[in-house]
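Two complexes follow with chain A in common, the first pairing it with chain B and the second with chain C.
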Partner chain A sequence: MLVDAFLELLNLWVLIAALVGIVSGIIIGAIPGLGPTMAIALLIPVTFSMQPIPAIILLLGVYQGAIFGGSISAVLLNVPGTPSSAATAIDGFAMARRGEGGRALRFALYASVVGNIFSCLVLMALAEPLARFALDFGPAEMAMLMLFALLVIVLFGGGSKLDALIMVLVGACAGIVGLDPISGTPRFTFGSFAFENGFQLIPVLIGLFAMSEVLLQAFDRETLVGDVEVPPLKSSVVRFVELWRMRMTLFLSSLIGTFVGILPGIGSTVPAFMSYSLARSRSADPDAFGRGAPEGVAAPEAANNAVTGGALVPTLALGIPGDAVTAVILGAFMLHGLAPGPFLFRDHGLEVYAIFEALLLSSIPTVILGLLFFRVAIHVTRIQPRHLLPAITILAIFGAFSVNNSLFDVWVMLGAGVLGFLSRRANFPLPPLLIGLILGAPFEQSLRQALLTSGGGYGIFVGSPITIGLVALTVLSLAISLFFSLRKPRI
Partner chain B sequence: MSTNGHGSGVARPGFRTLTAGLLLAAAAWGLYSLDSQIQVFGFGASGPDARSFPRLALWLLAAVVALRLVLSLRAEDFPLGNPVRLGRVLTVTASSAAALWAMPQVGFFFGAAGAGIVVALMLGERRPLLLVLPLIVAVVVTFGGRHGLSIPLP
Partner chain C sequence: MRYTRRSTLALLAGMAITPLAAVAQQDYPTRPITLVVPYGAGGTTDISARQMATMAEKILGQPIVVENQPGASGTNAMRSVASAKPDGYTLIATTSSPSFVTPALRDVGYDTLADFIPILNYSGPFHGVVVPADSPYDTLDALIEGAKSGAVTYGTAGAMGGAHLAFASVAKDTGTMLQHVPFDGASKATAAVLGGHVDAALVPAYRDLVQDGQLRLLGVLDGTSDPDFPDAPTLREAGLAAEFPSIVGIMAPEGTDPAIIAKLESAFTEVASSDGFKTFMTDLSQPVRIMSGEGLAATIEENLAAYREIAKDLGN
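Moving on, here comes the complex of A and B:
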């Protein structure tokens, strides 16, 4: 399988897709405000006419490039391109101010690659066995698994649990629109055929992440970077021995990123700061952190790059996305006929392993292109919103239309944009909404199928070792969350 | 970024109250129209029907949003700010809606370019030469979409 998958990669289009994806990602990621989620959502329509393997590789290349791109503005301008780069900015910018910006970026790049390789290996080791295990899941097991995933997002996603619960429910309620999954009855369709397909994922994603950014900028009208002076970039090198000295930091950060990534809804900001704190506490010179310690750059970068490999484990094996980026990637897989879930590896194993191997091997072009393009990307950070966002508006309209060649989807995108704007201004988190939308309908379907099977008896949800295990995990999660809430000092 | 309620008074409504209020209204409307929007045909099967999950989800949403509104009464909120700022958001939304509404008649190019130009103006672009940028992007996207990706744009 691995050899056959590798042979699938020996194709010029795959190489071109990877290179174009990484370069586009570095440039887009360097622009503050344009994260990898928006970049991938806007680029999905471009891949419609492509074969599944190069299409997904292009989008994953955009992701890898955008994560590194985000660290460029974080290190050189102290303006994180993505929230997860905020931890990188602490020591990265301090290094840049003393003329070591190039070195900081190199540490960031190499640590990113280590995190990516580690999480890819974990992904390759865990995803298929997990999918094979999930093949035994019936509707009751799937319902309990999805309930557990939704609960984890609410309890451990960070921020207010009440706000996360509201957004999960908003997503689940949006998922009701369309045909009933069991009886086929129209629900909230207002007698319109267009509503019968429900709200499609890609237009909602484009609205939530791209159109809402346009509306936010129209509200704030802020200059993204302003006139911050870019510190001079001196020629620099990072020797292998310097990376070797921080091998435990890189390993532990990658481990944190990967395994926190497996938990749904937490995202990459939390593991980036966790790894930073751990690296500081383990350091022989903790006082150097915050004043330009290379390990302070490497730790969060290794962690936030490792998150996606981890988040892809439940996304591909169970169809449960870990964060907003993997939700977009899940949408891309579905559009290309590779429906994530237990059957993915059985039905499309070759394609999936080819994508895994490409993700692993793309570390090489990421290093080369990262070193080549970071000086170019500095200039991109200067692009003003008023030049960029009109183009994003046009691409958002185009992207939403092209999913089904339907203007209805563009209206959905615009509606999601307004909802995204209001939610972001009100500080309501968007990832729980997205995951509620993705999991709401399958959760209802599994729940009702299970109850139909049992004749309406709720005992089916504790009727097998798997469901009992999932109920125990759910109760344990609630108990842990309650314990930490009670321990938190109240002011 | 946030406002509170001047001592012990009730907080001034902001984005949080507005968003929660809109969500509560939507949930209440969903519950009110549930029976008319979802027809149930009973075939004697036991267990939940097509209305059960929506009813549960909408009740839960209404309850937690109402709780958020109550908790927000004395908590800090994010101010709505100067009406001009909200006006810009409404203009962008309205112009995009108008572009979509007109798109079947005027075509993708004019609709998208129009929306792009309004966004540029609302973001403060005043140089006529740079207002051409959305036109160029619209040309590239229209041409690329129709001929490169074979998408039947309006």
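Moving on, here comes the complex of A and C:
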């Protein structure tokens, strides 16, 4: 089977499809606001007339390319192209400011290859048993998992825990705007139809991370004078030894990415931040994180690339997509006659294994093209910031508008930009705000769903082995955090 | 009627314009047509509308550009098309929810009946009542019976959707404890019923899971049985007075010239009845259900009234 599937790949069209997919993915991903979902959705019509294998390979190439492209703009411009690369931007941009943008991108590229290969192997080995595990995550399990994730961000996200908690709550409150997930009635919409959709993630993200930078640069005269010259890029190499030293970080991040990816609906942002926090807490020098630690780039990149393989497990085994991107990929599978489900492997085993192997092997062209393209992308940082700011503003407005073709989203983006600017001026951290916004609404929904199914009884939150395990993890994290804060000498 | 100078002038002006208008209709379309899809790219509505557009542009001789305007359960796109210029160059491929479910619940800024001319209906996924394969409920009757002694939970794609309202009216009529649990999309509701977190789910796209024996199909919410599962009864066949007919159709803004509507209806009907379209939709696990513009208008009108009643009962 594996050999037959490999022979299917020895086809010029398959190679062309992979190359076209990866290159267009890198380009689209590097544009702020244009993420993998939109890139894949735009290219689905292109694949209509193609054979299933090259078609899916093209789309998966776009996905991989777009994730790497997202890290280019995150590292060099501090403008994450995708929500998940927001974690990469923290240390990646700090490295870029030191002139180590090239090194940061190499770490990102190699880490993403490790994450991709790892999750692909897991996907190939464990597709069906793992799918059954994902189904055990009902509303109560999801609610406890998200509570745990929110707690991890507050406790281990770094900086003041109170600041982080405040930002998480601000984010969660922003998530309340829109239609009530249970009763369907409008909340805090002020009678406006535009508010019914709530604050869309991508405009908020672009505002928080891109627009706030523009405002910060525009209002902060001191930084502007200091930062007119971007430090020259040192020619850089990442030696294998350096990657080998962070092998445990890469392994754990890939593990987190893969397994969180299998759970429907969490996406790649949470594992990216989770593994960032984990790498930071495991590090011998946690203070280096946020100031340009290579591991702070490698950990989220390994994790968010590992999500692909993980998210494909429920998508292919059950036809239940793990996130927006795999939902689009699922549509492509159906379009090409590959109906997901347990019979997929029986009826279309050849195609599915060919696609798995292509996903595995696409690491090779991704590395080659990635190295070629960021050489080009590095020139972006040589432009003086004052020349770049108008371009970032225009890209931000365009990106925010293009998500839903809605002008309202542009206002949301600008509002988030002002909020991000004020928060950064006041030294409040932005990632907890983002996580609060991303997880707040689904957490509320899962919590209320669980209470609906249990008839209002809270026992459901400790009613299954998974919830008990998650509650134990939550209590343990609190205890660890408390233990360390008590041991720390008071100033 | 008095023949004043004004009415005569109006008559003359009207006579002068008529031939021009006729020419405009005959030439239609002379530039690309925009087909708005109220959901994101890559969903079934989007994919089927794109196929429809690709096949229809060969007949109409002009490109049909699909534009995605997702958000607010499709009502944003409906509102924007309702206020578009009624020249036949802006159309919408829409579904049940923004056509007659959400407008029955609250002000959405448009009136489906007054602001749109339905052109045709071409699809509409069947919504099934599904339970896990090891569920104690074998039939719809058993499910309803079970809900008499204790709460039975059912998941749907979202709050105040058509499926939810249909079962809410069943619960009211039968006096049973059917507890609704809304999910964020049908696939999450399907996952919840597969994992046994809810007792039942009202979802489309159940075919493969039912055929695989992971779910059991108790019935469908539509007016007719699913041809793939002729044994699964409709709610009415099972003695329950509720129905959620699912539509996927194309509509134009009110005021569009009848000649243009006729031309579009004939082109889209030709596509929808072709074998190529049927094969495409079967691969997508979607049925082809053709209904004329008038038929679609009647369905929308009927359901709008029915859903207003249900919404009133729910206290909204």
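In this text, the second predicted complex is superposed on the first by the 267 of 491 C-alpha atoms of A that agree within 3 Å, B and C clash if a C-alpha of one lies under 4 Å from a C-alpha of the other, contacts with A are read in each partner's own complex, and residues count from 1 in each chain.
FYI, a residue touches a chain if its C-beta (ideal position, glycine included) is under 8 Å from a C-beta of that chain, and two chains touch if they have at least 3 such contacts.
Remember, it's a predicted structure, so these values are computed and weren't measured experimentally.
Looking at A:452 after the superposition, I want to know if it touches chain B, chain C, both of them or none. Which is it: first, second, both, neither?
both
Considering only touches as defined above, state whether A:169 meets chain B (first), chain C (second), both or neither.
After superposing on A, A:169 lies in contact with chain B but is clear of chain C.
Regarding the shared-chain residue A:242, is it in contact with chain B (first), chain C (second), both, or neither?
Once the two structures are laid over each other on A, A:242 reaches no partner at all.
In the superposed arrangement, does A:182 touch chain B (first), chain C (second), both or neither?
Both chain B and chain C are touched by A:182.
Touching chain B and also chain C: which chain A residues?
45, 48, 180, 182-183, 185-186, 405, 452, 455
Spell out the residues on chain A that touch chain C in their complex, using ranges where they run on.
On the chain A side, the touching residues are 38, 40-42, 44-45, 48, 134-140, 179-186, 193-194, 196-197, 200, 264-265, 314, 318-321, 327-328, 331-332, 334-337, 339-343, 404-406, 442, 445, 449, 452-453, 455.
Quick check on the complex: what are the chain C residues that touch chain A?
40-44, 47, 50, 54, 67-73, 75-76, 79, 105-106, 108-109, 151, 153, 158-160, 179-184, 187-188, 190-192, 194-198, 205, 208-209, 212, 283-285, 316
Under the stated contact criterion, what part of chain A meets chain B in this complex?
On the chain A side, the touching residues are 45-46, 48-49, 162-163, 165-166, 169-170, 172-173, 176, 180, 182-183, 185-190, 211, 214-215, 217-221, 385-387, 389-391, 393-395, 397-398, 401-402, 405, 407, 410-411, 414, 417-418, 421-423, 425-428, 440, 444, 447-448, 451-452, 454-456.
For a test of understanding, state which residues of chain B touch chain A in their complex under the given definition.
Counting only chain B, the residues touching chain A are 14-16, 18-20, 22-23, 27, 30, 33, 37-41, 45-50, 52-54, 57-58, 60-61, 64-65, 67-68, 71, 78, 81, 85-86, 88-89, 91-93, 96-97, 99-100, 103-104, 108, 111-113, 115-117, 119-120, 122-125, 130, 133-134, 137-138, 141, 145, 148-154.
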